[in-house]
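The letters A, B, C and D name the chains in turn, as written, and every chain counts its residues from 1.
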Amino acid sequence: MDKSLPDLAAAVAGIEDGMSVMIGGFGGSGAPIELIHALIGRFLATGHPRDLTVVNNNSGNGHVGLAAMIEHGMVAKLICSFPRSADPVVFTEQYLAGRIALELVPQGTLAERIRAGGAGIPAFYTPTSYGTDLAAGKPVAEFEGRHYVQERWLKADYALVKAETGDRLGNLTYRMAARNFGPLMCMAARKAIVQVARIVDPGGIDPEAVVTPGIFVQGVVEVADPAQEEALNRAGAAYPGAAA
Amino acid sequence: MDKSLPDLAAAVAGIEDGMSVMIGGFGGSGAPIELIHALIGRFLATGHPRDLTVVNNNSGNGHVGLAAMIEHGMVAKLICSFPRSADPVVFTEQYLAGRIALELVPQGTLAERIRAGGAGIPAFYTPTSYGTDLAAGKPVAEFEGRHYVQERWLKADYALVKAETGDRLGNLTYRMAARNFGPLMCMAARKAIVQVARIVDPGGIDPEAVVTPGIFVQGVVEVADPAQEEALNRAGAAYPGAAA
Amino acid sequence: MTSPLTTNQIAWRAAQDIEDGAYVNLGIGLPVRVAQFQPPGREAIFHSENGILGFGAAPAPGDEDWDLINASKKSVTLKPGTAFFDHADSFAMVRGGHLDVAILGAYQVAENGDLANWSTGPRGVPAVGGAMDLVHGARRVAVITDHLTRKGEPKLVHRCTFPLTGLGCINRVYTSHAVVDIEDGRFVLREKLADLSLEALQAITGARLHIPGPVGELTAPEV
Amino acid sequence: MTSPLTTNQIAWRAAQDIEDGAYVNLGIGLPVRVAQFQPPGREAIFHSENGILGFGAAPAPGDEDWDLINASKKSVTLKPGTAFFDHADSFAMVRGGHLDVAILGAYQVAENGDLANWSTGPRGVPAVGGAMDLVHGARRVAVITDHLTRKGEPKLVHRCTFPLTGLGCINRVYTSHAVVDIEDGRFVLREKLADLSLEALQAITGARLHIPGPVGELTAPEV
């Protein structure tokens, strides 16, 4: 078994119009910039994929990564908890112009819905958002005198995730707080495609240190020296553009 | 902050009559034999704690560990998935004589109920057990044409867990498949008491390799060369007894 | 008449249908034997619900590490690429549909796909383990079993009379006498012992066998 | 008259109530400053909902590692005992009640304990982040805020008029003018600026202040 993919173009080749795509990262940490840019590259060359539903904690920053995806008009709907950033102009303009739909989900509920999707739990109850506008229309229930909101699982056709080390079986480790949504999105997507700083042979990761077991991963592609969204933005980069 | 405890007696001192106690382990792997024996020792000396509700995947094997706890009459109720073992005589006799209550829970549901208890999820839906005797009396619901059973969280007053390395802040690593229920029970118990093969200073565990973050742990006690239930049983041990 | 398959031969037959690279959970007891009969050139990755993925075979006696056991509580070994995880993650793999194949034992399998394999009734100590999770956990859920009980009663039945493990969950049954798929609430015969007549097979089967296509010959080497 | 506390002084005051060894989450913005004012000899362990426990202070400019950021997306540092985990585990810590203290900002806090801090209405881009989780996630949920809005309107109110973050979730409010507990649906005054009269404080507070016990003097050093 060898889940390694030859290049970024191959890694994103299966994503089609109208699909749902979970994209890892909290702000810039864990954002799979190279996978996203490969997808934008395909869109600019072919007009596809478009009308995507994207799941991410945020809505992009500046003009690279997810923000660039939104800027180029590939995203029909965003499911996220915090569509703000240091430079949120791309999402803000499209949202206020009605060109992108937003499903706002509390951050912990977003994480748990994605985990539930991966774990075969179609619905669960959480105290989060009870009595607020974000619970409007959702079933509620009382357990031991306290009120809870019923939330549904969240799955996706694809996940694009950034990890640190991956073996050919798809076992992954992450780097510090870049872990965030990666392990959950790998579980919840039909196909999880992961860019890693290095691919190693099976046995190259301590079995105790595996964070995402390979069963949750369908493809790994090596990006040896991945870009950091924060660094790109501080350099004023845009994609496509000279600086990225 | 220093969560290390001076000895096993101190580690189990807070467990009182009628409490619920989650005990880690799948069969013998991960069974915190020394913590259990310390608790039995206290019971034999003082008559307490008794009438305990114990949560464990199994029901003990032979005459050591959980089996010895049951044999000495400390356990009023067992919540488990598989009350059978190579030598199940202790539980079997007490159960058939009506001296111990049993709540049988499918293994994955047991794990998820414990995680839910730790994660603040009061109830969730699972396909497991739908249409079977183990779903009797539980609410059911249909999502996207498939039927599910509503299951409730499971919490406990105490967890007794075996891990490998622990630092003074309670961060833990485990050893191979001995991990099993440990991380979940630490989350779901009001007080998680963990025996570790070695206690290290903070920084002694790679932050990436921490399996249970210290926030879920209230006490760690060092048991440098822990017994394996399987090895004790192959040696015909009983607790208390010469061989244990 | 051709001898019915031995339990090892049933396990061998089931192993032939496991694709290279498949993620597979083998139930406690007989199903565990399937692992030893993987065809050359194919490598499945075995999942054990106590928290291991990609483990190896049993160690030599005396080399056991009792922290490294499978769901049957038997000692196994590490392989390059093994991963450990907790029980919640392990059953996320199961319940979340990430396994390709689960192979279970059975007391009874019904033509509607119902399985009974955890309890023979109210007497004794009930035990379920992961069976009720596994039947909902894999893209393909198969049973391996003798065709008849020790008392000579059919294990393939119209409706299960023992307590159910899961409803409509079984896709295929490998027995000592036949390979039977369950499709649209019917038993569909795919293979049978060469010189066992259809009538004789039907006579030891508790519900009607349907034959919409060719029926292959059920054979297995001495194993 | 005594000057109202600066935002740093409000953060300082809140920090004095954090016990040694407490697990603490500090909300985005002003609450993050609480960390720098821990009293000597006490060490809280800070949780950041993006998946870090026990991190250290900000690094020197130029030493940032953008994989090591807090929930405000500011660079932090490792400390001995830091642990990383995914978002599901992180919010298990929050929702599961494992935090001792959460400190949040507020648009409005009502005497019934309701908090509004995520939206000022239907205009603009809504954003919630972890606020709705955090209000249900700690044994003690406190707010730090100026006593009045920039327009001079009370932030402590009878009932919130902005969209709610959570119902009945706030235990204590630290403001520029007072420390107020919420008990049984009432504001209970605990501390106020020394020479601010009760009448003057009541006049800038949107619901009745109750005084069942002694009222301390709200002071803070220059910080």
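The working rule: contacts are C-beta pairs under 8 Å (C-beta built on N, C-alpha and C of every residue); 3 or more make two chains touch, one makes a residue touch a chain.
Nothing here was measured: the structure is a model prediction, and the numbers come from that model.
When the interfaces A-D and A-C are ranked by C-beta pairs in contact, the top one is A-D. We define each chain's centre as the mean of its Cα atoms; on that basis chain A and chain D are separated by 30 Å.
Chain B and chain D have Cα centroids lying 37 Å from one another. Taking each chain's centre as the mean of its C-alpha atoms, chain C lies 56 Å from chain D. Listed for chain D are residues 84-85, 88, 91, 94-95, 136-137, each touching two or more other chains. Residue positions of chain B touching 2 or more other chains: 112, 115, 119-121, 126-127, 174-176, 207-208, 211. A list of each chain pair in contact follows: A-B, A-C, A-D, B-C, B-D. For chain D in complex with chain A, the residues that touch the partner chain are 48-52, 64-69, 73, 84-88, 90-91, 94-95, 119, 124-133, 136-137, 163-167. Of all residues in chain B, those touching chain D in their complex are 1, 115, 117-121, 167-169, 171, 187, 201-203, 207-208, 210, 213-216. Those residues of chain D that touch chain B in the complex are listed here as 20-21, 23, 43, 45, 47, 53-54, 78-85, 88-89, 91-99, 136-137. Interface of chain B with chain A (complex): residues 112, 116, 119-127, 141, 143-144, 146, 148, 152, 173-176, 206-209, 211.
Listing the residues of chain B that touch chain C in their complex gives 26-30, 57, 81-86, 88, 91-92, 95-96, 102, 104-112, 114-115, 126-134, 174-184, 211, 228-231.
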